[in-house]
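Several structures are given next for inspection.
Heads up, the next two complexes both have chain A, just with different partners, chain B and then chain C.
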Partner chain A sequence: MTLGATLRRVRVRPRMRIRELVLLASVSMALVVGWASLASHVAGSLTLGRQFSHLVLYLGAVFAVHLAFVVAGRRTDQLLLPVIALLGGLSLLLMERLPQGLATQDMGGVELGLASLQLLWLGVAMLLVAAIAIGVRSDGWLRYYKYTWAAVGVGLLLLVFVLGEETNGARLSLRIGPLQGQPSELLKVILVVFLAGYLADNRTLLAQASTRFGPIKLPPVPYLLPMVAMWGIALAVVIFQRDLGAALLFFSIFLTLLYVATRRASYVVLGGLLFVGGSSVLYFVFGHVQDRVDIWIDPFVDPLDRGFQIIRALYAFGRGGIVGTGLGAGLPQVGESLAIPAVHTDFVFTALSEELGLLGGFVILGLYLVIAERGLRIAAAADDDFRALLAAGLTLVIVLQAAIIAGGNLRVFPLTGITLPFISYGGSSLLANAIVIGLLLALSDRGPERLAAPSAGRRRGFRAGMRAVGGRIEKVIS
Partner chain B sequence: MSQRPGGAPSIASALLRVAIAIATLYVALGLGASYWQVVEAQRLTNDPSNPLSLAAARSAPRGRIFDVRGRVLARNVKQANGESIREYTYPVMAPVLGYKSLVFGASGLEKTYDAELAGIRQLTPGDEMLRKFRARPYDPQDLVLSIDLRLQGRATQALGGNRGAIVAIEPTTGRILALVSAPTFDANRLIDPVEGRAYLKSLSEQPASRSPLLNRATQGRFTPGSVFKIVTAIAGVGSGAIDAGTRYQEQPGEEESGFLIKGFRVRDGHHLFTGGEPLDFLQATEVSCNVWYARSGLRIGGPALLDWAGRLGFGQPIPFELPTAPSIVTRGEGPGGGFIDEVELANAAYGQGQTFATPLQMALVAATVANGGTLMRPKLVDELRGANGGVTPLGPSAMSQVLPRGSADLIRAAMVQAVEGEWGRGFAGGARIPGVTTAGKGGTAEVDDTNRPHSWFIGFAPAEAPRIAIAVLVQEGGFASERAVPIAGDLMEAYLKLPAE
Partner chain C sequence: MDAFTLSLWVLRLAFVGLLYLFFVFLARALWRDLRTTITETGRALGRLIVVGSPGGVPPEGLSVPLDAVTSLGRDVNNSIVVEDDFASADHAVLTFRGRAWYVEDRGSTNGTYLNGQRVENVAPMGFGDELQVGRVRFRLERVAPGA
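Up next is the complex of A and B:
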């Protein structure tokens, strides 16, 4: 279904979004203050250079999305946009102060550095959020083609497996022309769509335990198989790609959604046991898993090699203290080398915790909790099981991913190389998370137009909307 | 959402539980962050392998180091490339200051006080939190040392081309007045960005016994010979095994024949002029009688000797601002980590067993007697001064109460006699200071048959109200009276006559 066709079917009537506007204004102020701190530390004075124009462009994009929401007039959630605007803004400020050579790309003869590229992707992400949040009026294309989506997902993974490029020992990225992407980022969204569809259809059966397996009651095997297969394939391929973070994320999303659909704690217990068992096997079979666990338990056993990254991260946390060093006053570089390797992808939480302190770290964690609260609220208010499970699953994608990587930075969990949503550098990650937020916004629509599908009088209604005589009369007519 | 037809459970209530689980997970993350950023923050920042201090050294000014009278010993100068490099004004300070290199890291006081000099450690924790709101986030501290540059220079000169070490202490406070190790290195060459690497290589290629990088005063361990008799005296008087009147009837006879224990003969014979009368404690110390001290060692017993030496600091690294090697009375190859047999014990009692001591340790022995039996913790830094005028004094502290004052006075009397007495003058008279009563003990420590003995002296002055205690070691310097004794006398005299300014 094309966007144009979708728009033609609905009546557009502008609706003010005061709450969103106020929050976005605060976010803008906070980011400008952040820029001032950054500029005064890095340049020594407040000069209106590249960093300021980047920030202005970014805020422009954010307010454009807000304006589009107002014009579109859907009664969607007003907190999600400010939250991701702040996260994305922090990301932009962080990328501004890191060495720009960490990522470069030639775009039509212009060499773009780290911050410029991140700004570009943030802009595309904002566009995607707006397009999906405004354009998606029906969930049928997700609901009815779940197996197709599953097939697409598996196909993507196989493609990476065959054609992918290796970075840091993990086969993650796929190159198409000049663009490079990490399909596992998109795969997690597809996984949620499939699981939501499958569980919504079969959850009654799954909840009824008819097969006994020792002390644990299981649903009828035929209903369980497709899901286990989906999970197994995803997990296996991810393990072969050595992407432990994604494996952990997929698995925890799977278990949580299964619990939401069936409310059977025994599944969670069984899954947890499977996970512990599987992890132990992986620990002994794969050297890289063993490394990750060993340096998690004590990074100081190998301070110059395997434990180097995590030790440097701990130093940065210690340096940040309670209030932090201030944006721009951290030490991402020592001499010519990075203080923490992969600081722009895997250790953004550490870098921001150093500069914004424990309090800033709490704010960032709090922002993800706001996403959790909004997402689960949208799920609870959903009309049917599919939409509820979809909203819950999408929320988990962001919230669990953030927890896994922040926990890895903090040595709460073993470190895995996944991104911190909306903050880490990377187009794939930003776009996938933009899809998630876009879909959540679309699902949150509480307006009466949501279900209305007027075919006659559409043109007249549209015109009436433009005249903005009043919503009540319009509702009565329709 | 209510229970649906068909018996499927409510999704809404499951979502609530998921929400609680997520909140719990995030609280755990918050606790993790609090642990690193509050509880462990200080320890992480002070971790010596933290690259932070190195980075701060490049970007921020580093505190200066002054001697007791305010002479600049180390400061930062800007180079052409904008980087700041350390400059050491007086080469004689190398054993104390060490170096701060952008390549090799740091040593000496530069290492111990790295965080304070760089200004990344604050002494008041509350101040730490407000750092980011200050115009200058770093507050480099200047160090003011207790070292008197005049004495330090004179002591270095006195050792000349010899290998050896000198430690001078103010007995009442533990303040180090001079600390010399020879040969030493040129800190300015070592931190030179161009030449440094080659220079360090040339230094480390020398054999350990001649290495300029070894701080002989704090980490070099040497056979102490007769200066160790003061430790034996402290153990004997302290434990009650000996007193002023202790005599051994066999001693005069054994001066020629030697004192035979289990087939080993303790030889003496350097004071045959004392004749047939058995020597008492003061006389035995005055003429440095090996037989008397060997017999006293056996009377004191191994465990008591080790115990009393331990109270003086033997057996473990001395807590100090520079790294120290533990001095030992025995290698501990005997039962229970003690002496192997009575032969080793008897030899240890006059400093020729398996006994090895650092010059710092021996200086502390002299300072303990000088201070009436109380051992003060040695220290080099008097105070820290912040750029904003804040001064943090680092006051003196007692390390242990070794002897009651009366016992210490007896040993003091013996040490005075060893320098001032009619017999003693022949051995340690070179340390006498005109017009001032001086206390001390020389030592000529046999190392092996091929090399000359180490020349030692420990002592203090003025004996009745000591202002300086000293240990002098000249490696392979020969007889005590030839080298260490006159050096010590000259330095103590020079110090007492220095204008206070």
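Up next is the complex of A and C:
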């Protein structure tokens, strides 16, 4: 079959995306200038630098995604791709600037450094965004198998708990052959899918209060139970893995989605009280929680050990001032030692704010705000409850994460180690966020197509088999 | 200050400037979207186009803006009167619930068809779908922004 015939068969009509193209052109211009700024500073003369091919490759990938969108002709959102393209570009700039030895991996005899690895992951992430945004036309596979997804998520976590490796006292990574990943990144997407599916099915029941609990009205207990159980399992395992950032993120997503679905402030108040109670218990039980809170209140008590990282970060913000020190001129690195430990994962916001100043910091936060606006707009325009809740939840994943880590960097909240979406180094985080953006894009296309419920016996072969298995799991769990 | 330091400064500030230029473009796009959303509210939720009408009432090509509840049938009290021998007096009703259109058959003799399939009870209806009442065929369309 020729390409033309294939395109006709799936009813594809190319559609220009002028807005996206203009925004992408502006992103590329900015990134090329930024690249020149960095390379010139490092080399001591005006140059684009030896690693300019990295940027060319990256922009090539971004424009390839744009072209794929044009050819596919779906009416998806045109602002999200430029925004994540800029975030990824800033990430690449920063990774190019940091010492390359921070992360290395041997790939078939070629040793790849920090920037090359990040470039590789950014490329895969772009591919994933395109594949999901173009390919996902039905949300049935998410909607109808929510319990299966929840089971998969819990399974992943347990797998990490048993087989995982420890880094910095947290048991997070799973190693399969040469590949290493952090399943908790994927888990937050799965959690949103489950919560959206469950809340969409039961929101009217949850919104009606029928159980009285002192002055607080609660929904019928049986309907709340699966959700609380899911949340409890996720939270417990995460706490035992000492991944506080993820725990905070899960809890915030849970509460916000509950509010979005039921529009009842009392749940949020109740959740907030639970959170305060839980955290105070954790504070007294776990030493590492106590550490985090103590250095948040006053990092200068222990400036050379526990408070070192956060003090360094505060100094970096101060050094940056309003316009910043300029790319390459900051001090994420003094000689061979890092000025801020974990600068490429947890403190990327600090590093960029130092070199681009307050103005640059505003740009980064503004980009996440734009993602929030687009995501919530997609949610508001969605055809039904599941899609609305899913879009709202996915948006929250990115925005809350950015808020938690940027606030941690700035000592607004106690620091919890999570990644800044699309900027921090790390494949798992990039891929999870790419899935989120891909799904948001897919949801933003309000085509005339209706999504049909899975019908038994109409399709044969592998897909029918998968459906049957999924359906059985659903029945067992529910 | 030598030329190189100066150009470094220029590059630095140009980078931050370009980042803000991108923001200006973003803000413009956001503002335009917001304005279309504002003008969209208060407009019709959709419209029905008459695609085929053997009897001539309603005439082919007629476009009817829809209310949240629109009834179809041969009775004159319906929002859209379908003068067709195969249509019942109270044939079908279209409702806009929350975010989507639904079509409901009101126990018509000859049935209501959505894209060629008989509507059993209530069926969700998307923009672009074809509805058949009696022998008269309609297409549901979105009211285009700016129209």
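Odds and ends about this structure:
The rule is short, and it goes like this: the second predicted complex is superposed on the first by the 431 of 478 C-alpha atoms of A that agree within 3 Å, B and C clash if a C-alpha of one lies under 4 Å from a C-alpha of the other, contacts with A are read in each partner's own complex, and residues count from 1 in each chain.
Here, a residue touches a chain if its C-beta (ideal position, glycine included) is under 8 Å from a C-beta of that chain, and two chains touch if they have at least 3 such contacts.
Please read these numbers as outputs of a predicted model, since none were measured by experiment.
Once the two complexes are laid over each other on the shared chain, residue contacts for A:G326 go to chain B and to chain C alike.
By the touch criterion stated above, A:E111 is placed in contact with neither chain B nor chain C.
By the document's definition of touching, both partners, chain B and chain C, reach A:G357.
In the overlay built on the shared chain, the residue A:D305 is in contact with neither chain B nor chain C. Of the two partner chains placed by the overlay, only chain C lies in contact with A:L23; chain B stays clear of it. Touched residues of chain A, counted separately for chain B and chain C, are more numerous for B.
In the superposed model, A:V370 lies in contact with chain C only, and not with chain B.
In the superposed pair of complexes, A:G318 makes contact with chain B only, with no contact to chain C. When both complexes are aligned on chain A by C-alpha atoms, chain A residues 323-324, 326, 357, 373, 385, 388 touch chain B in the first and chain C in the second. Remark: chain A residues 203-204, 207-208, 256, 259-263, 303, 311-312, 314-315, 317-326, 329, 331, 333-335, 339, 353, 357-358, 361-362, 365, 368-369, 372-373, 376, 379-380, 385, 388-389, 392, 396, 399-400, 403, 406-407, 410-412 touch chain B in the complex. Looking at the complex, you find that chain C touches chain A at residues 4, 7-9, 11-16, 18-23, 25-26, 29-30, 33, 37, 98-100, 124-129. Residues of chain B touching chain A in their complex: 1, 4, 6-15, 17-19, 21-23, 25-26, 28-30, 32-34, 36-38, 40-45, 47, 49-52, 54-55, 58, 128-132, 137. The part of chain A that touches chain C in the complex is made up of residues 19, 22-23, 26-27, 29-30, 33-34, 36-37, 40-41, 44-46, 78-79, 82-83, 86, 323-324, 326-327, 356-357, 359-360, 363, 366, 370, 373, 377, 382-385, 388, 447-450.
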